[in-house]
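Scrolling down, you'll hit the structures one after another.
Next come two complexes, and both contain chain A; in the first it sits with chain B, in the second with chain C.
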Partner chain A sequence: MKSKVERHNLFVALAFLSPALFFYLLYFIIPVPMSFFYSLFKWNGLTPNMEFIGLKNWNFLFQDSIFWKSVINNFVLVIMSILIQIPMGILLGTLVSSKLKSAKIFKLLYFIPMTLSAVAIGLIWIFIYEPNFGVINTFLNNVGLSNLACGWLGDTKTALGAVIATICWQYIPFYMIIFSAAISSIPKELHEAAYIDGANGIQTFFKITIPLITNTIIMACILALTGSLKYFGLIYVMTEGGPSHSTELMAVYMYKQSFTNFRMGYGSTVASFMFILSIGLTILTLFIGVKRNGLNG
Partner chain B sequence: MDKKAPTFNMVAIIFGILWLFITLFPLVFLVMNSFKNSMEFFMGSPWELPKKLFFDNYTQLLSTNFSHYLINTVIVVIVSLIILVLAGSMGAYALSRLKFKFKNFIFIMFIVGITIPIHITLVPVYAITKNIGLYDSIWGLIGPYVGFNLPITIFILKSFMEDIPISIEEAAKIDGATRWFIFWRIIFPLSTPAITAVAIYDMVILWNEFVFALVLINSPENRTLTLGLWDFQGQFTADIPAMMAVLLLSTLPLLVLYAVSGEKLIKGMTAGAVKG
Partner chain C sequence: MKKFSITLLMIVLIVTLGFLVFAAEGLTFGNEITMWDVETSSVLGQIVDEHAKDFMYFNPGYELKIVHIQNDPYKTKLKVAMGAGTPPDLFYTWGGGPLLEYVNSGMVEPLDRIEGFLRDKYIPSAFSAVTFDGHVYAVPWQGLTGVFFWYRKDIFEKLGLEVPKTWDEFTEVCETLKNNNIIPIALAGKNKWTESFYYMYLADRMGGEDAFKDAWARKGDASFDNQIFIKAAEMIQDMVKKDYFPKGFNGMDEDTGQARVLLYSGKAAMYLMGTWFPNTLANENPEMAKNIDFFNFPSVTNGKGNPTNLIGSAGQGFIALTTTSKEKIKAMDFLRNYIEDPVWIRKSVESGLVPPVKHAASYVVDNPLLAKIADLFAKANHVQVYYDQYLPPELGEKHKDITQQIFGLDITPEESAKVQEKAVVEFLSR
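Then we have the complex of A and B:
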């Protein structure tokens, strides 16, 4: 009797879930084992003949210095995101959640980059970095600092920094919103009490605001970590991973191997590696979450 | 307290204006230079205002594929959004209000999709799309667009639906209403605020989507706006002001949406990361 009810419940639930499951399984879940499967083959993706080569792609992956360069760049990106975007996000979050009259207008205008596509942002910044007619170099030439003018995106020394600056420009507003929400939820009495005790703005910021948003800071670091694996459009548009792989990221490398060089088997190997890495990061995230909640509770 | 406030405010305002400059300067240059002709641009400096407004950069777009790209994007985004809202809210209903076996398993399976980068699905999705004959068609984009936006959509809708008082549903059940009826007549309408937020978020993501379009579309007439932009880049390398005009036009719809919805769009786009 009970199992009959259970079966009925399962049937009703699956009926509600079926449209979502259809799209999600077909386009997200099934592709994961497919990627691992393809990683065992040599395949150009254009013709149906796939040559089974065992773990050769995986062997190659571990010796592929360009791939490891892209892994390192991904981590540089995470570290720079955490060092630049999060502090700026906290500062701007404090500003837009303050009692200033202009705070709301600031918030609305600051958020504009988040609404633009990575492609549009990439193309706008190409124009800003452009060596001859670009915004930065013409400015430097006009103020007599032409020795500082350089190829920005075309120079292996500056390309990654230039791309990271653009990424920061786009994503700082996102962190600003996260932190402004966290800061707004701090009870006002705490700040008032601190003022009465004679604390100044800077002291209250470090002694009250920062400790109370620690959880949000940790969450923001996690978002920066998992988000970095998803960077593609901006870099692909701005540099295609060049010059000489100085801005190569895993997602860009994976795309180029699969769809520019038509090495779909090897591209799938890179993709599978990214999957393992992101699952690892997700588990780490959950672990940190459980540990912190355990400590707090 | 009163003594310190003015200096603090001054510093804050100066910092605020400085950041405003950083945020807006790329867009100011975009607008300014899109009204120059290419001669004027290459002879002068991007910092100069246009001598007179030159609209040809905009009017010449009429003879390009730009309108195709725009229509394709509008169709793909609207169809994907409808499916996302329907499939997502139905799924979220089951995961938030029904008791059944494998519920946690299914929920976790969806949630994992939030952190996993979609790029790992590119080759298989390309193969699947080719096999079902939708390669190089705008309809082929809808499946992946729905698929990769479902996790966050379901996550947001589920947490909203969980907060709807269960008593409303119980009352309807006593009156003999079916689950199907309860969902469409009670839960779905009550979830409007969350559905709006999630739809705005999905819309921004889909309007700006690039990588699936890059992989699944080939012919010029089937391209979406972001892919088209990428293409104009090759076409207009010698004409930067024309490129600026295309860029501005392609981002205008979302800027208008933002101007109209303001806070709501911000809320929608950060709903996954900010609770409440």
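Then we have the complex of A and C:
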């Protein structure tokens, strides 16, 4: 009798899962081997006739200096995202989960960037960075720091930094919410015990809060890592990878090759490389996490 | 058991319903014609909307849906739709390389059925960018477009400046403007094609129209790494080093008007842009129009190029028909009877465009600005189509990338010419 109920449950579960599974397979899993397949062809993405060229695309990829520049930029983005977004997320998460009455208001305020679309954020920041009327340069000029004012998005030296700052602005609220949830799940007794033992705020933060949210930190790192490796939105809106490829990322480069230059085969090669890189790095991070902390689940 | 059956039934129902909704999305009820264009900020967008209404009034049962899409995203959106086999019935195109790519893929319908009619109506050169293998693939609709230096008359008057005819005079004007704390030239470089104008003009003024033509046709020892193109890049970098352009121009966006704003506000005095600019001006800032005039790109000392040469095209924008359209005949009807009919032409002229139709001059007599454009076109020795539209897409993009690097001082003139030449040689050898 019990097994019958179990079978029913399995059926119901399958029935509910199958539509999602169908679309997941169709749009996320099947395209991966397809991209590898397309990477062996010279194809413009329009005509059915595809010319098999073996590994020529891959060969070209490894010699493509613009592509390697985009890989380096991607790693800069990964490192900066982890170094800026996660500490800021923890800090804001701690602040907004404090008992202060105004904490809720701040939580709401800080969360606003997360609710905006990337295109809207990009356009807002294009005007903030605008060299002649933009908020930043106007401010710098008015306080007498005009030698610091520059064409933020137009200068190869500052463009990547400027875009990364915007990306951080967009994603910090996301980590803030994750960490504030993790922090509020820490039993109050621990903090109270530490308080009785005479620990101050900073000590409790480092000795209790941080160790107890390590798993969340690792998970956040993985999210930041994979998110940054495939990052596209704001870069495309704000700079399109320019000027002179200084903000080129793998995903933007892939997109431009496939859809602007009509080189679907080569675009697929870039996509396949991104896939290998992301999977490899994610597994590595997870492995290190498990080894060091016995991360479960 | 009963409960389970009901649950299952519900699920099946919901899924079926879902698929039905999906299917309905794909079907078109009645006869719908969709058209995509890029007229988000010009008066032309309003003209075509009105004509769509007329078309629907006189063709009951047909719905003509016009979608205006922003210029640069449009190119990708169209490519994606074409690749997926679901393009609109009618689409905007610049002609040249990218259109040929679609033609070769069998996505564009030749307009043989209405060709005779079209040839009667438009000037012959209007079709040069959209004729492949003797077939016309698109209908011109935007007008004669040339790229000119637009300038603020009031600023020039105030500073006692004359319209420059030679490069030396031009640099003098720039210096004077700079000394008066006015940015000499407004430029938004993020979009790259805005910078390509300078490169094309300087190459033309240095080496004449044959410099590019021969280099692309690989005629004799002509190439993209000869002195002409190196010199063009050098002159650009000279302008950049002298701060003739706004600070950080390579990050500024033309589509959102970041260059025009400088001109409107009087922070900058000149602006190299196509003749669609007065049309945009009429829409964005009509009071400014009286302060704006234009001059042809100055000649260069010892340059071989004829200073009447223009960068532009006799038909800048075109509308083409896709082979996947279900309403080809009605769509061709719209192209034939509603685009550039007398009412359209009059409205175009009022909004600042000279349509590439025969007898255009008779419409523009009372508009000095347009009369001047029509006159410059009539006198032009040669009209050079934009490189990025003329070349195959991949090389067009490469050219624009290199141009942006030249403007950003990220590449030496010699290096830029070498990279361009290498890209062309590589492309042709494939």
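Operating definition for what follows: the second predicted complex is superposed on the first by the 260 of 297 C-alpha atoms of A that agree within 3 Å, B and C clash if a C-alpha of one lies under 4 Å from a C-alpha of the other, contacts with A are read in each partner's own complex, and residues count from 1 in each chain.
Here is the rule we go by: a residue touches a chain if its C-beta (ideal position, glycine included) is under 8 Å from a C-beta of that chain, and two chains touch if they have at least 3 such contacts.
Quick caveat, the model's predicted, so the values are computed rather than measured.
J.: Overlaying on chain A: chain B and chain C, fit or clash?
T.: Aligned on chain A, chain C clashes with chain B.
J.: Check the residue A:L10 against both partner chains and state whether it touches chain B (first), chain C (second), both, or neither.
T.: first
J.: Classify the contacts of A:S35 with the two partner chains as first (chain B alone), second (chain C alone), both, or neither.
T.: Only chain B; A:S35 stays clear of chain C.
J.: A:Y27 in the overlay: touching chain B, chain C, both, or neither? Say first, second, both or neither.
T.: A:Y27 sits against chain B, while chain C stays out of touch.
J.: State whether A:Q170 touches chain B only (first), chain C only (second), both chains, or neither.
T.: Touch partners of A:Q170: none, neither chain B nor chain C.
J.: Which of the two partners, first being chain B and second being chain C, lies in contact with A:F259: first, second, both, or neither?
T.: It touches chain B and chain C both.
J.: Once the shared chain is lined up, is A:L100 touching chain B (first), chain C (second), both, or neither of them?
T.: In the superposition, A:L100 touches chain B alone.
J.: So, A:S70: does it touch chain B (first), chain C (second), both, or neither?
T.: The answer is neither, since A:S70 touches no partner chain.
J.: Have a look at where A:P19 lands relative to chain B and chain C in the superposition and call it first, second, both or neither.
T.: both
J.: So which one touches more of the residues on chain A, chain B or chain C?
T.: B
J.: In the superposed arrangement, does A:E240 touch chain B (first), chain C (second), both or neither?
T.: second
J.: Common interface residues of chain A with chain B and chain C?
T.: The answer is residues 12, 16, 19, 45, 123, 130, 133, 255, 259, 264 of chain A.
J.: For the complex, give me every residue of chain C touching chain A.
T.: For this pair, the touching residues of chain C are 4, 7-8, 11, 15, 18, 75-76, 79-80, 82-83, 101-102, 104-107, 183, 189-190, 192, 246-253, 256, 258, 261-262, 267, 393-394, 397, 401, 404-405, 407-408, 410-411.
J.: With touch defined as at the start, can you tell me which chain B residues reach chain A in the complex?
T.: On the chain B side, the touching residues are 1, 4, 8-9, 12-13, 15-16, 19-20, 22-27, 29-30, 33, 41-42, 45-47, 83, 86-88, 90-91, 93-95, 98-103, 106, 109-110, 112-113, 115-128, 143-144, 146-148, 150-151, 154, 179, 183, 204, 207-211, 214-215, 225-226, 229-230, 233, 240, 243-244, 247, 250-251, 254-255, 257-258, 262-263, 265-266, 269-270, 273-274, 276.
J.: Would you tell me which residues of chain A are touching chain B in their complex?
T.: Its residues touching chain B are 6, 9-10, 12-14, 16-17, 19-24, 26-32, 34-35, 38, 45, 91-92, 95, 98, 100, 102, 106-120, 123-125, 127-128, 130, 133-135, 138-139, 142, 169, 173-174, 177-178, 181, 195, 200-201, 219, 223, 226, 229-230, 232-233, 236-237, 250-251, 254-255, 258-259, 264, 267-268, 271-272, 274-275, 278-279, 281-282, 285.
J.: Within the complex, which stretch of chain A touches chain C?
T.: Of all residues in chain A, those touching chain C are 8, 11-12, 15-16, 19, 44-47, 123, 126, 129-133, 137, 149-156, 159, 239-240, 242-245, 255-256, 259-264.
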